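Below are structures written as structure tokens.
Both of the next two complexes hold chain A, though its partner changes from chain B to chain C.
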Partner chain A sequence: MGNSAAALPNSTAVAAPGRRRNYARHYGWFIVPAGAVVLAVILFPWAFTLFMSAHDWKIGGGRLYVGLENYRKLFTDERFLWSVLRTLYFTALAVILPMLFGTAAALVFNRRFPLRGLARTIFILPMMATPVAVALVWTMMFHPQLGVLNWLLTQLGLPPSMWVYDARTVIPTLVLVEVWHWTPLVMLIVLGGLASLPVDPYEAAKIDGASAWQAFRHITLPLLMPFLVVALIIRTIDALKAFDTIYVITQGGPGTSSETINIFLYLQGFAYYNMGYASAVVVVFFALIVSLAALLLWTRNRVRSA
Partner chain B sequence: MRLLEKLGFALAVLVLVSPAALVFLWMLSLSLKTELDNTAWPPVFIPNPPVWDNFAAVFARNDFLLYTWNSVVVSFSATGLAILIGVPAGYGIAKMRATRAAMVILIARITPGLSYLIPLFLLFQWLGLTGTLAPIVITHLVITVPIVVWVMIGFFEGLPGELEEAALVDGATIWQAFRHVAFPLARPGITVATILAFIFSWNNFIFAVVLAGRETRTLPVAVNNMLTFEQISWGPLAAAALLVTLPVLLLTLLAQKQIIAGLTTGGVKGG
Partner chain C sequence: MSEITRRTALRAAAGLLAAPALVERAGAQQAFDWKRFKGEKVEVSLTANPRSALLLKHQPEFEELTGIKVGAEQIPEQQHRQKFVIEFASGRPSFDVIGISLHVNKRQVGRAKWCADLRPMIQDAALTAPDFDFADFGKGAVAYSTQADGRMDTLPEFTDYFILYYNKDLLAAKNIALPRTFDELYAAAKALTDPSKQQYGFVGRGLRNANVVLWTSFLLGTSQRDTVSADRKLLTDTADAVWAGEMYQKLMRDCAPPGSIGFNWNECQTTFMQGRAAFWIDGVGFAAPLEDKTRSRVAGKVGYGVVPAGPAHHNCCMFGTGLGVSEQSSRKEPAWYYVQWAVNKTNQLRFLTSGAGAPARSSPFRNEEAIKDSRFPREFFDTLVKSASIARPGLPEIVPVTEFRDTIGAALTNMVGGADPAAELKRATEAFRPVLEQSERAT
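Moving on to the complex of A and B:
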């Protein structure tokens, strides 16, 4: 029940404050091994990235201190700026659609019906499946001449699409894969929320003669809000970070028309080996992710206090 | 009217599950058909008769068994290590109500996987570890440790503390209280954490694609290479994709209850 709220950053330590704390510091030893690992593989890379981003650092080419030059270059690099816009476009679609479908799906799965367990398991399979394997099948389905999707379109009387082979359709097509992939996560979070709703308000509403829509609009939605916000933030972060399927299906192509920040970062770091420049991309990318997540939290708090 | 409503609801369920089901069925269909059927227009949906040649082709070429072994070693080591250090950490954080430690885990969840790779790539080169599985196992800890810690914090916070306190009053050390009281109680939580950490480690692509050499590829990287570098036909590709993801799909079907419980506690996801 209350477990779902653990996803909220500020609710991890909300339980009883009155408990005895005299043992507290001894528990520090339990955290030491994990702390060491986190230090080595998470915090050290962070510090080192900041350091590298101030250098012109090419693999095999030595390094040179350049201060903020990498950042200056980045903000005038049109290829990077386009990748930012593309990422925002991709993210907007890849957040809104899964939120809508995921919430609708959760409302369906919250009701009892025969074979519900099986249906729910099939529904969450996409998010558990190996992204590379799934991306491969989508690639075959997107084939303009032989792909099964164009056959479906013609059956429905629609013109065939170029899917990922055209600069205009590539991003919406990748969004389609992302929606298929991650709608289940939104569904699970919202379903967790629905399971925790109290029954009383609904009975009162029924007595007062409220319609099903009114009950949803004025009871379910407000009570569900914290869960929706969690889903929204998680989805935003994941959409910004999307990599596997984009990389496998298009590698940023055709041309650079699906090159998101993450793909740009990969190419700078591991195709061109501009480690210093790529580090600057990491820093800016991270700042973007954190500020968007913070913005969502802030908006939510404003809405709540208004 | 009742009947109509029921039919509408059944239709809604069908609409919800079919995109998921159809993609996997199509994967299966592609893997069981001949090349001729796979490129036929209109498409052939039901393999008639099903052929196993594609699976044979996958195993005949590409050191597929080696890559499977690599994936098994990496995922089991990364999951095992994460359980070993993550379960006590989750316990410690839950007991100390260490919000800041929990925040570090959240930061790990937010950071794009690639950002760890640039410094770690240089570090592994410098340490001379490239070309072994060690760098891949180590980077997979970036995924598995936060998942385990996060799930375990939630789990230990939900456990009543009375039993351990009784043990402490009876003179047990806090390690003994953890080892003999809290740990056995936490088995279900550990199961959830293990399953999720294993799945997201198995599925991970980004770390191995950068760090793996010819001999150290994991399955997702091997499959991606089949698509990119070898002009290979659809049947074997689909067969390989199916083989890679089959263990995870089976695990999901078998342990759906635990997986759903784990995912709703924090929307964990790797990479």
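Moving on to the complex of A and C:
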């Protein structure tokens, strides 16, 4: 490259920046519409959110500059800190379980068996349902006295559960809905990965006498890793922003036992109308999401380079 | 000297001929005319509930009567509250008429002067129908719609009283009389609780926020009664408040179905409709489905009574809605036409006889013929009249009502889980006090 650059005539090397300037002068205006859109829908809302977070701002009330007071209050607000922990707990379960079940389902559906197409279609049906409608149906099923789930448990000779009506079981129960809803997505991503795997390594492993587990552990899993990381990123983002299902089923209850950051944020902004405080929550939540996304992207790059 | 020409003579003659029409027109401006704003359009924003559904159903009557077109929407309660607050705060609301929950938004709307004072329009004979009969509205309802400074920025539409629903069959089976006090209610509910049959003596709201009004139902029976003093200081950790918390805890722990800490009114209603609960304290507006034979196992077996008395007083919670005209509206007068039609005697009677809720007017309760033809028993209407005579606001008239309900509600939920009522109420009071103080400073 260096040689070929050196071989270019001097006139070309000198003229290039000028031509670029000319180009920018003539065609630079073409980026104005896109720039305006970015400014209006991304940069301005962000700047305004930061501005609001520095104010004690109530809808229908006054506005007072408070500097970093909202952030200081946030980090001493037990309810907020608990909501962060609950969000992390919910996210961890709502990512790990669909990843495990989705991968297992993909391995099953990758094999040939009768009615496989029908089984795959049935399996991905939950993913197509509207979250709010799904949540309403689950709410009815969770009813401790009249819900079908407790009826099923008693038919099996098991004790009834309180599902979302008990502080101890509410988060795992909400995760159950997430798992039911989003495991098919992981399955589809992993199934796509499995379909693209080369056959040669398996033939070589078979000749070398590798067991099925060894083939999975040392061939399938490493080759699938890029697909798993993509599924992991999508699931993490989805789980972090989960709101509709939780709000419809529990509204953050019983008490505050399922109040995640999103629910806390919603209540501060749209039930208490504390727009300044809610904006501070948005900024902190954004920082949390960016940190997690950066960690996941770093992991993906590590996997790629490996 | 000017001459009388043929043209000036014709003009003068035309003027004389037109005079009667002009006089009639001038007179018409003084008299009320439903068609005065024919061709105008008003936008109406309502909370989704059976009463709004009735108004929407009968809207063509208004359009035919006035020639005013109506664009009406009904939105679920919580979303509706957010929508109108944000729109009002923006300074350019999309609606001319707004339905508000007085127990949640009264002070907020009043403080910001978002709705027009209706008194000048009520007093204007050219704008208010002769048969409007303002005196027909109950005094309590009018007081509920009136702001502290005397402005009346909504017309009362509906008053919701908390009443005691009971399952007649369950009480009769154990020969238990209708309880007159909360202590009697607890004793009766405990006697009727049999978890082995999935039968419970009591069902009530346990869900945070929604549950506060059950606790205030008990508090209204104490000597203190209110949650906030006249000078807007919190009274939520006093001995009376703790007594109400203990009553709430006892009923919900000992007599209510497991899991009821997650119950809002709809889960309570379902449980009661399935015949699983003997008593239920909640709003009168939830009565209609109980008497629906296609949905309810207790239809025809529901008893209605006033909420029992407390140790010092006998009161029941009152909530309500009102219809207001946006101060920003450029069509205030047609909007006022809609409001007066919406709460006219016919529509208010429809509310009562359909079970959609207790009307703010008193005339429907005197309409014996309509009451006789209603699917509700006489006892239901008697309970409403009695409740009206003992009703007091069930929530404090403060701006951060939702935050108040969330904070106290979380404490109540913890009590059902076994936490000490005094400690929980003290903690919740300490948590909410700065919010209230800040809100009052802003006022």
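By definition in this document, the second predicted complex is superposed on the first by the 253 of 306 C-alpha atoms of A that agree within 3 Å, B and C clash if a C-alpha of one lies under 4 Å from a C-alpha of the other, contacts with A are read in each partner's own complex, and residues count from 1 in each chain.
Quick note on the criterion: a contact is a pair of C-beta atoms (placed from the backbone, for glycine too) under 8 Å apart; a residue touches a chain by one contact, two chains touch by 3 or more.
These numbers were taken from a predicted model, which means no experiment stands behind them.
> Of the two partner chains, chain B (first) and chain C (second), which one does A:270 touch, if any: first, second, both, or neither?
Touch partners of A:270: chain B and chain C.
> Which partner chains sit in contact with A:108 here, chain B, chain C, both or neither? Use first/second/both/neither.
In the superposition, A:108 contacts chain B only.
> Could you say whether A:188 touches chain B, chain C, both of them, or neither, answering first, second, both or neither?
Only chain B is touched by A:188; chain C is not.
> In the overlay, work out which of chain B or chain C sits against more residues of chain A.
B
> Tell me which partner A:146 touches in the superposition: chain B (first), chain C (second), both or neither.
A:146 contacts both chain B and chain C.
> Quick one: classify A:250 as touching chain B (first), chain C (second), both or neither.
Second partner only, chain C.
> Report for A:71: first if it touches chain B alone, second if chain C alone, otherwise both or neither.
In the superposition, A:71 contacts neither chain B nor chain C.
> Looking at the overlay, does A:166 come into contact with chain B only (first), chain C only (second), both, or neither?
second
> So chain A touches chain B in one structure and chain C in the other; where do those two contact lists coincide?
Residues 59, 145-146, 251, 270, which sit in both footprints.
> Quick one: in the complex, what on chain B touches chain A?
9-10, 12-13, 16-17, 19-21, 23-24, 26-27, 30, 39, 41-43, 84-86, 88-89, 91-93, 95-99, 101-123, 138-139, 141-142, 145, 149-150, 153-154, 157-158, 161, 165, 168, 174, 178, 199, 202-203, 205-206, 209-210, 219-221, 223-224, 227-228, 234, 237-238, 240-242, 244-245, 248-249, 251-253, 256, 259-260, 263-267, 269, 271
> Going by the contact rule at the top, pick out the chain A residues touching chain B in the complex.
Within the complex, chain A touches chain B at residues 3-4, 6-7, 9, 12-13, 15, 19-20, 23-31, 33-35, 37-38, 41-46, 48-49, 52, 59, 105, 108-109, 111, 113, 117, 119-134, 136-141, 145-146, 148, 151, 180, 184-185, 188-189, 191-192, 230-231, 234, 237-238, 240-241, 243-244, 247-248, 251, 262, 265-266, 269-270, 275, 278-279, 282, 285-286, 289-290, 293.
> In the complex of these two chains, what residues of chain C are touching chain A?
Touching chain A from chain C are residues 78, 82, 85-86, 88-89, 108, 111-112, 114, 198, 206-209, 257-263, 267, 270-271, 274, 276, 399-400, 402-403, 406, 410, 413-414, 417, 442.
> Can you check the complex and tell me which residues of chain A touch chain C?
Residues 58-62, 143-146, 160, 162-167, 250-256, 267, 270-273.
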